[in-house]
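Chain IDs A, B and C follow the sequence of writing; residue 1 opens each chain.
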Amino acid sequence: MIMLLWRKSVNRLMGVMTALSALLAAAALLAVLGYVALNGWRALNVDFFLRLPTPVGIPGGGVSNAIVGSLIVIGLATLFAVPIGLGAGIYLSEFGDNRFGDLVRYLADVLSGVPSIVVGIFAYALIVARRGQFSALSGGFALGVMMLPAITRTTEEMLRMVPNSLREGSLALGLPRWRTMFSVVLPMARSGVTTGIVLAIARVAGETAPLLFTAFGNPFWSVDVQQPIATLPHTVFTYAISPYADWQSKAWGTALLLTGFVCLTSLLVRRFSRQRQGA
Amino acid sequence: MTTRTANTPATQVLGKVGRAREATAPDHALRCSAEVAAGTSGGLAVNDLGAGFGSFLAVDAISLQILPNKITAIIGPSGSGKSTFLRCLNRMHEEVRGAWARGSVLLDGKDIYAAGTDPVQVRRRVGMVFQKPNPFPTMSVYENVAAGLRLNRFGRVPGLDEIVERALVRAALWDEVKDKLHQSGAALSGGQQQRLCIARALAVQPEVLLMDEPASALDPVATLKIEELMRELARDYTIVIVTHNMQQAARVSDYTAFLMMDEDRAGRLVEFGPTDQLFTKPKDRRTEDYITGRFG
Amino acid sequence: MAATLVMLILLLVYELFDGSRLGLAQYGFRFLTESRWDPVFDHYGSFPAIFGTVVSSMLALAIAAPLGLLAAIYLAELAPRWLDQPLSFLIELLASVPSVVYGLWGLYVLVPILRDPIQTGLRARLGFLPLFSCAPIGIGMMAAVSILAIMILPYATAVARDVLRAVPRDQREAMLALGATRWETIWRAVVPYARSGIIGGLMLALGRAVGETMAVTMLIGNRPDVSACLFSPAYTLASQIANEFTEAVSAMHVSVLIELGLVLFGITLVLNGAARLLVWRITRKGAKP
């Protein structure tokens, strides 16, 4: 009898503990987001978006160079990663059921597990060290390398989901293989593939480490891809560890911008893909 | 004991059954009432049992007696709610989200659905074996059998070795596994796995053993072994078996209940009686149609 | 196209080795055990960074694993349906917050709380323990471990939850039919069945913790110290690279930093490989551990 009472108490206790754990995790997120929203909101104004950073001590100014810089770097990354990722994904789904395909998949997985700072080192050694200067290009390359495995995997999965009957029908009509792929199969998988790309972009948009010694950051306005360039995550980092209250406030504002973008994108993508799959 | 059927329209269908039963086997009804009333362990009295999922009524107004130390078979076409009914007997039905049950099921005179009754305790006394053998793959054969016993004790269970051996002997599995007691439970053949599940259920010494199509996932040889086992076990346990195989019911059981889906898609009891009688001289036209294969 | 991918990886490895050449030549394996890191005298040892990486990740996992498992159990088994979806979503959202934002939050919200009352309190009451015997400045190993735990929690939880959900229903039913309580069913039948998957998820989380850079750099104090005290500043491989790379002057300094990157790469390779092996084993046997 006592034993039964004990078992039932344990049952109830663990029920509470598990619920608390889940709530704790959710609470942590809300705490982080909450502070970012609260503190960041104060820093947001028109100047924030349109102006360049002012010298230390002079209030006002904004992070317009970082906004543009992030767009440029992400754009470069996408330009680099999408063709290669798509190509690799197409290869894997069409011709990839062999040892080489397995190798590629394995290496893609390895790549996705490489810490972002190591990717930064790679980009540094490959581009920055050789050319002797930091550049938006190298930053774009680093981010692109990080996007690559995700795009490859999503593309392969989405393409595999297109039923084979479609391919066979097209081939039976006399269309060559590559034409089948581009005109028939790819369009069918289009939304899934796009989702994958958007998700990959959202993931790298917040990355700082690979940019530390590639894009390097730039307090001035620059859209030259061969020069160092400011980016949002890098701005958060630099301003956050600075001793100036004005900069710290701007760090929160930039963090809000960044987090808002990333979270919104994840939300939208999820909502969209769930609609497509019919939940 | 007088069958406490509630005075619902559904009972009128059953009234026919009740009357028929009493007319043909008055002595067994008397015996039944005496035994169950006297609290001989292992009898189940089902009164006006209804059960469903959310707004869907799966079975309705089922009343019958499960006699101790006898094998009772539940037969009927698919969708007639046989498994749902069975799972109400050990309160497993309510584990599915949105599932509910009403009516009463008396185990030794005490309603298992009475307010305040703990399903955990009910399931200790009414064990269950499932259609697909489901031994715990992370545990050895030994640990599988011991699983139920470990629940109620800290640390070492006294005499566990003997209990495990006895359960495996009872389940006619001992000879085949006595040298591999510490191998994974999932490493056995299908028929062996099912007997392992039976041993596992027996180890906690239930009064009733429910079996939901226990041999339907097994080959004919293994099936035969299970059927032999059932007759053996009936000497010490009360057995209720759901089967879609009529011949199996006819071979193995002492009493049979025939369930069928009505127009409202709820399963109801059509006929219940001693197996020979139900299969040779069924009282209800629908029973006869089912047995002779006119539908099913 | 696919070959490009292969090439990139090979290039990456090549560059890592190439960049580390100077350091490798100079120190060999001693690099891993040497404690002194002194850019002024151009003498380098990676042990503090390795120590910091291992300690911070393992402690973070020690916190996140039980929490994550319990939360996953709640989400997969016990939560009412209307609660499960939003909660799961919130926890997954944790994973998409950029590392640098965690660092920012940690720096201005977590650290002050850690410094006072937590660390000062611990120092006052339990200061005789070497764990709490140094100056409670807030920034340091404890801060890094805390933020890391928060950051890897969603990974542990999400994987565990998915694996638990995949456990076949008949396993639960078998345990319930023996007369087990809800918790007993979960703990004795469901969790063991999902064992490998859960461990795989934990290793994944560990891998993330090891490679985490920004939040750690901002919170760990960035000092090549090896200390038993939890409040002490420290270094991890990633944070050291981030902190010193742009200011490294000598070629040797740069080379050893790249070598740190090589070590880091090696560690994550092994971890991820092990995690993948576990997952591969489950899927091969058809979800049987």
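In the analysis below, a residue touches a chain if its C-beta (ideal position, glycine included) is under 8 Å from a C-beta of that chain, and two chains touch if they have at least 3 such contacts.
On a predicted model such as this, the values are computed, not experimentally measured, just so you know.
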{"item": "Of all other chains, the one whose Cα centre sits farthest from chain A", "value": "B"}
{"item": "Between the pairs A-B and B-C, the one where more C-beta pairs touch", "value": "B-C"}
{"item": "Central chain (distance from its CA mean to the mean of all protein CA atoms)", "value": "C"}
{"item": "Mean-CA-position distance for chain C and chain A (Å)", "value": "19"}
{"item": "Between chain B and chain A, distance of the C-alpha-averaged centres to the nearest whole Å", "value": "56"}
{"item": "Chain B-chain C separation of Cα centroids, rounded to whole Å", "value": "51"}
{"item": "Shared-contact residues (touching 2 or more other chains) in chain C", "value": "181, 184"}
{"item": "Residues of chain B touching at least two other chains", "value": "120-121, 151"}
{"item": "In chain A, residues with contacts to at least two other chains", "value": "7-8"}
{"item": "Complex contact set, residues of chain B against chain A", "value": "118, 120-121, 151-153"}
{"item": "Touch list for chain C against partner chain B, complex", "value": "81, 168, 170-181, 184, 188-189, 192-193, 195, 288-289"}
{"item": "Residues of chain C touching chain A in the complex", "value": "1-2, 4-6, 8-9, 11-12, 15-16, 18-19, 67-68, 70-71, 73-75, 78-79, 87, 89-91, 93-94, 96-105, 107-109, 150, 153-154, 157, 181-184, 187, 207, 210-214, 218, 238, 241-242, 245-246, 257-258, 261, 264-265, 268-269, 271-272, 276"}
{"item": "Complex interface listing, chain B residues touching chain C", "value": "90, 92, 95, 97, 120-124, 127-128, 130, 132, 134-139, 147-148, 150-151, 186, 197, 200-201, 204"}
{"item": "Residue numbers on chain A that touch chain C, as the complex places them", "value": "7-8, 10-11, 14-15, 17-26, 28-33, 35-36, 39, 83-84, 86-88, 90-92, 96, 100-101, 103-104, 107-111, 113-119, 121-122, 124-126, 129, 145, 148, 152, 202-203, 205-209, 212-213, 216, 233, 236-237, 240-241, 248, 251-252, 255, 258-259, 262-263, 266, 270"}
